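Just below sit the structures, each encoded as structure tokens.
In the two assemblies presented below, chain A is common to both, partnered first by chain B and then by chain C.
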Partner chain A sequence: MDLPFLVTQSLSGLASASSLFIISCGLTIVFGVTRIVNFAHGSFYMLGAYLAVSIVPRLLDLHYSLPMFLAGIVAAAVVVGLVGVVMEVVLLRRIYRAPELFQLLATFGVVLVIEDLVVTFWGPLDLMGARAPGMRGAVDILGNRFPVYQLFLIGTGVLVLALLWLLMHRTRYGVLVRAATQDREMVGALGVNQAILFTGTLFLGSFLAGLGGALQSPLIAANSHMDIAIIAEAFVVTVIGGMGSVPGAFLAALLIGQLQAFGILIVPKATLVLVFALMAVVLIVKPWGLLGRPEAPATRAAPEGIANLKPFGRVERIAAVLALGVALLLPVFGDAYLVKLGTEILIFALAAFSLNLLLGNGGIVSFGHAAYFGIGAYAAGLLAIRLGMAMLPALMLAPIVAGLFAALFGVFIVRLSGIYLAMLTLAFAQIAYAVAFQWVGLTGGDNGILGIWPPDWASGRTAYYYLVLVFAVAAIAALRHAIYAPFGATLRAARDSAVRADAIGIDVKLYRLAAFALAGAAAGLAGALYAFANGSIDPTLLAIPLSIDMLAMTLAGGIQTVIGPLVGAAAFHTAKDFFMPLTDYWRLLLGLAIIAMVLAAPQGLAGGWARLRSRFSGAPA
Partner chain B sequence: MSLLMVEGLDKAFGGVIAARAVSFALEAGELLAVIGPNGAGKSTVFNIIGGQLRPDAGRVVLAGDTITGLAPRAVWRKGLGRTFQVAQTFISMSVTENVQMALMSWHGEAASLTASAAGLRRAEAIGLLGLVGMAEAADRPISALAYGDVKRVELAIALAGEPKLLLMDEPTAGMAPKERAALMQLVAGLARERKIGVLFTEHDMAAVFGHADRILVLMHGEVIASGPPDAVRRDPKVRDVYLGESGLAAANAAGTAP
Partner chain C sequence: MNTRIDRRTALGTALGGLAAGIAGLAGRPALADGAPIKIGELNSYSRLAAFCGPYRNAMQLAQDEINAAGGIKTIGGRPLEFVFRDDGASPGDAVRAAEELLTREKVVMLAGTFLSNVGLAVADFANQRKTLFLATEPLSDAITMAQGNPYTFRVRPSTYMQTKMIVEAVKGRGIKRWALVAPNYEYGQSAVANFKKLMKEAVPGFEVVSEQFPAFGKIDAGATVGALEQSKPDAIFNVLFAADLTAFVREGNTRGLFENRLVASLLSGEPEYMLPLGDETPEGWITTGYPWDQITNPKHQAFVKAYQAKFNDTPRLGSLLGYVVVHMIAAMLEKSGSTETDKMIAALSGLTVETVAGPVTMRALDHQSTLGAWVGETTRKGRTGSMKNWKYEDGANYMFPEAEVKAARKG
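Our next item is the complex of A and B:
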């Protein structure tokens, strides 16, 4: 490793840092002002790339020159900025006061919608953008060749930082943005200006995302998966840098860029592990990121989630017995399709129920619950295939593995709260996903592992259905018991008021950690059951879309009730299974459904039932 | 030795000095009132004692143990129960469940996965609620109570840990004058009977001068006067900077009341 090599390596680190910064600072500015973590930021990045693919060549046809190229890039970014404005006016305005969970979900609904729209407009194939005139070659740096375009990216990053600094420190708008980021109370006092401030900020943030995507279009083919990949990276940058802090995003992007450039020399296949290690170290020293500030605990009138826990009334008990009866008899009257559907519903019911131990009961908004589902699935699959373990021991061990990982990640996660916590769960889930994806030798990479079948005695559809029924019902009953036990009450207490809980001797973080491990283990069991039901595992089992499915199930059922997630899982999975083969627009429909749910019925199905019940029994709701 | 000894507490928030060299002692069974204008540092001192805040310097000793910098949950184990200026309760629970929760924690049952929380320590909880006059409301959601009643429930929660020391940050806020007197009466009775030391703040001078054994006056984070009510009432500095006309009238009325 000689000096010239180190220099070019470091320069390419700077180039990727610069791209990361442009994208992440948009996310962080929007968060700073609106306190909404915009999932769709990654979609805006993707839109920027696709728009550049369409716009830039047309402009170059008119006149083949660098200014035309740049005009095309900026035009793409401006269009994306306008899309951001539309999103602010149509959606975000209605949910500024909604709980974080709903905000995140709503913006994720936008992700789904944009994904399908992009495929509709641009088709399913990857599209490479036009390259910049005059920047196709490489220059000589200390004897090594280095691409000009990468130098241009570095310059752009610095330019964006400088312009942002001027905007923030020399304009009235910038003063407002900084004031709003530092002081929430102040925003309310703005009056009319508030709308302009928020809309303007969405334009700025989306513009930056679009710019980032457009700039990448000559390097990376635009594809419909780049949204999730980039948003996860941007989340890691903002978590490390501190949410809402532009200099923090810059610092974090620099660190990650260099870490990746040089990490690849030391541990070629494990750059993600390095990024993870960096994030862990930063969060141990500074739980709120390098330049972030602790979020003041939200003082909400009423907590989201299970309130006023009551034992089952007569109606619920009868319904539960009926449901169990139907479940027991399903293979008798149902065909093979129904039995398969029933198996999956049971598995997802367990997963959603375990999620609601965190969500509804603990107030812990996990956006990465699929990680533990997937870790359980991988543990079971790897134990069975790589070690030749029998199914039952593998089913026993998988939840333990998932629980241990949940405990490990949980140590970092429970130190935070609110939206920061949600971001971190997502970042960890994405790391688990990336490991499954990258560690081809162990996990089979993208293809996963096939041939994970139950032994003969359980291999029939019906036999396996009953096996799942036993495991799922037992686990759900156990979790339900924990919710009604002092442990569950303590979690709810810590959710309602961590300050009060601490003042009566409760170690809030320890309880949350225990809940996280317990929920992770239960999700891991669900994942393990799924692995043997499907006969295969692959990285989608840990991916963000599955985490969102679980959230959608839980919310559709209602996080205010204990059994809501079960109802939600059944309804959601049945709908998905029914509609998905019928339409090319499943994601679009799901996205719109999630948005509609957030706007119209945040209480969910079972929540609506609980309200009906209290209305008819005359008790105050 | 005193039940509570506070020595040389300093605390600054950025440039704002919230406590400077605050020292005092409190005996078992004694009621000590801390008064002072808004922003004087009363809550800051309370939060340092309760473990919610870490002091920049100084020491807090409770019943012979140094508790400076311990977490609130550890301080509670050492015998400190408290209420907050803005009441802190478990808003999704019923009134008894709030008290039951504190009792479960005190008896080391909070982590149980086997028991059922609904009936656990219920009778005991209702007993404590009876003590603060809230037994009838036991099964109402705490979110449905008037603020003054919530403060009472908070007192019951604080009592669940058999405290040696009670910290009460504005315990009578949100109550009608008659209720205030009754609550202070109740607290004073408990203090004497159970040998509990009580440290409280109040903006209501009648409650302060009518019930405190001693009074400590804070101003810009510093103790400017302390002593029995009569002495503090007569202190010209206190008259000037804090009590004013109406406060003085209330203080005098409380002093001359039977």
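Our next item is the complex of A and C:
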């Protein structure tokens, strides 16, 4: 490798770093002020690219010049910023009092809606944006050609950093943003109008996402998959840099850009896992990211999650018995497909319930719960196919394997808290995904492994349904017992105040680790049951979309109640199954349903029920 | 949603469910004579609309034509009815949708799928439920080779076949130093593996000077182009497609990566991937594709005319495939005279159909059709990409050798 090559390659790295920074700094600012994990940020990036594809050529037709091009880019970004404002005013503002995670669910609904709207407006074909006038060509750098536009991108990244610094340090708005990032409640207590602050921040964040997308439009064709492709990476940048830190995001983007530019020379197939491996290493060494600060312990905020645990009242007991009865009789009154659907609902109910052991009961937010679901599925599949093990022993061993992996990852995960913990769970899930994807010899790669069917006695839809019913109900009952037992109470104590729990002699990390392993094992059982239900395994079972689905199920049901996730799993999966055959735009409908539910029942479905009940009985919620 | 209660299952117990299942698979004749023959079509209509939309359009066109001409004559003139379902681009959703098609819609067979992992999962499901499955689009060799099963057939030329077409087109030039770039998943990896194997046999001294595997849909084009350029290859074999391809081509054009180099590229000539390239379409890449506007076969011209008249859009490769598939299924039903799975499989094995692309035979040995592809060079016509010097390569000349099939297929 000669010097000229090293120079151009690192310039390539700088150019992608610069784009990544512009996108990520918007995300980090929004999170810093509002504490919203904005999944829709990737969608705003995509919108920016599509708008630029539409706007820029029209302006260039008027007058073919660089200023017109730049005006088009900025116009696209401003429109996206306004879309962000609409989202804040119409949706987010109504649910600031709901649990923080619930806002994540709302933004996830927005992701689904925007994805389908984009295809409706712009059509399914990829759309290439116009090249910038005067920047079509390349310049000679030490004998190698390098695109002028990429140099322009590098400059733009630095410019955005400088302008943001000025905004943050030389304006009143910037002071408020920084203050809110450090201590949101205090800013509110001092009489700052939070509504305007939040709206402004959403505008700024969405503007930056749109700007990032618009600037990419001459390089990559606008397509309806860009949102998912960018969002995970943008999260990684903000977390490595430290959530809320703009200079941190810049540093992290630089690191990732260079790592990718040179990493692919050494290990070309490492492209899937590189950034996530970096994030895992950074979080293990520096738990708050490179330039982040430890989150202030949330002492003033009311704890989120399962609050006052009451045993089932008469109404709930009747409902539970009825639900179990319906489940038992489902194959009698339902047709074969309903049985299949029921099987999957039971499996996802178990997975969501295990997630809520962490989420609602432990205050441990996992963005990567599908990892344990997938590891369980792979364990069962590999044991059955590679070792020829029978189904039942494979179903017994799979949760143990998943639990062991959860414990292994958990050792690193429970050292963190809050959003950093969540992102480390995501990193480990992505690493597990990459292993399943690329260890072709063992896992069959992305084609997966086929032929994982139950033995003859359990192969009928009804027989397998009852098998799943037995396993799922037993596991859910065991987990529910753990929540009601002192173990669960200890977890809740650690959730509400880790400091006080520690002071009375509770080994907080050990308890959290145990919860993590237990939840992982239960998710693993669900995954194993899923593998035998569908006959095949592949990496989608460990992938981010499934983790998000599980979060959506849990949150939709409500994390304050014990049985919420079961209701959520049933509602979410039924809704998906209902919308999918109706139209190509089922994502749009599902997204709208999620948004409607978030607005109507900001405590989740079961949470809404609990509130109704306390209103009628006059007891405090 | 259909919530009709099936009386047979009301008998309760496991038997009821089983009975419903069996009734679904056996392809019971529909209630009345003249009722449509239902075929379940699963695809990623939402996630991969660029391909699957035109594919479904052409299927509806072909279905209407066949029904207007009197349906399936050997089965009492019953019309065809395709029931379309989104496979969610994921194996789990696809298998659930397949269950719904079998149990509620009572389809006689399944067809479709785009992604290889989805296609394989549905193939395995079809094997388990003893249902005919016509995998129309997925390219993975595994579908007809290592994971092949008696119930699954595949229409499109596989990764191996298309790679072999490319190798045949470039091997005569004797270029030895190659750089390879492919998306980092099974399709890309197996195309690269096939290419290396076939080139080693065909070109003495063949050498790979660099390989790049960007993550699918997330190419870092600057870094990838830099890495390829640095190895100074004499030719490049490209497997990237869709958004990765456009980003790669634009960066490569700007940096002169393709100047004075031969580029051999899988699928790039397909309108789905060519249209977004627009005026960036490179000149002279050797590629597989579909030059729909230049094919003079009158049957094909009639198809293009009908398609454009009905949908006011130009046909894509997906359109051609959808049209061919429906005619294949119709021919199979005419021959079998029955919707029983065994009879349909017997009819489909070895069946030759005159399609708009030419005669296509479903080889009985590995259940792979001989549908070919158009191999030629990319070129620019005004602001859009096109193909020149192309030739239709009959898939029959590019099938896996029989010995390899027998070694790979277990059953």
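The criterion applied here is as follows: the second predicted complex is superposed on the first by the 475 of 621 C-alpha atoms of A that agree within 3 Å, B and C clash if a C-alpha of one lies under 4 Å from a C-alpha of the other, contacts with A are read in each partner's own complex, and residues count from 1 in each chain.
The rule is simple: contacts are C-beta pairs under 8 Å (C-beta built on N, C-alpha and C of every residue); 3 or more make two chains touch, one makes a residue touch a chain.
Everything numeric here is computed off the predicted structure, so don't read it as measured data.
*Asks:* In the overlaid three-chain picture, which partner chain does A:126 touch, first (chain B) or second (chain C), both, or neither?
*Replies:* A:126 sits against chain C, while chain B stays out of touch.
*Asks:* May I ask you to decide whether A:285 touches chain B, chain C, both, or neither, giving the answer as first, second, both or neither?
*Replies:* Once the two structures are laid over each other on A, A:285 reaches no partner at all.
*Asks:* Between chain B and chain C, whom does A:600 touch in the aligned arrangement: first, second, both, or neither?
*Replies:* neither
*Asks:* Between chain B and chain C, point out the one touching more chain A residues.
*Replies:* C
*Asks:* Return first, second, both or neither, reflecting whether A:62 touches chain B, chain C, both chains, or no partner chain.
*Replies:* neither
*Asks:* Applying the document's definition of touch, where does A:116 land relative to chain B and chain C: first, second, both, or neither?
*Replies:* Second partner only, chain C.
*Asks:* Classify the contacts of A:266 with the two partner chains as first (chain B alone), second (chain C alone), both, or neither.
*Replies:* neither
*Asks:* I'd like to know which partner A:145 touches here: chain B for first, chain C for second, both or neither.
*Replies:* In the superposition, A:145 contacts chain C only.
*Asks:* Which part of chain A faces chain C closely enough to touch in the complex?
*Replies:* Result: residues 1, 5, 8-9, 11-13, 15-16, 116, 119, 124-128, 131, 136-138, 144-147, 149-150, 218-221, 223-226, 229, 233, 260-261, 264-265, 268-269, 271-272, 331-341, 344, 437-438, 440, 445-448, 450-451, 453, 459-463, 465-466, 530, 534-536, 538-541, 545, 577-578, 580-581, 584-587 of chain A touch chain C.
*Asks:* Can you tell me which positions in chain B touch chain A when the two form their complex?
*Replies:* Chain B residues touching chain A: 50-52, 71-73, 76-77, 82, 84, 86, 88-94, 97, 100-102, 104-106, 109-118, 120, 141, 143-144, 157, 160-161.
*Asks:* Which residues of chain A touch chain B in their complex?
*Replies:* Its residues touching chain B are 299, 301-303, 305-308, 311, 481-482, 484-490, 492-493, 495-497, 499-507, 511, 514, 620.
*Asks:* Which residues, counting only chain C, touch chain A once they are in their complex?
*Replies:* Residues 1, 3-6, 9-10, 12-14, 16-18, 20-21, 24, 45-50, 53, 85-86, 88, 90-93, 95-97, 99-100, 103-104, 116-117, 120-121, 123-125, 128, 140, 142, 147, 184-186, 189, 211-215, 217-227, 229-230, 242-243, 246-247, 250-251, 254-256, 272, 275-278, 280 of chain C touch chain A in their complex.
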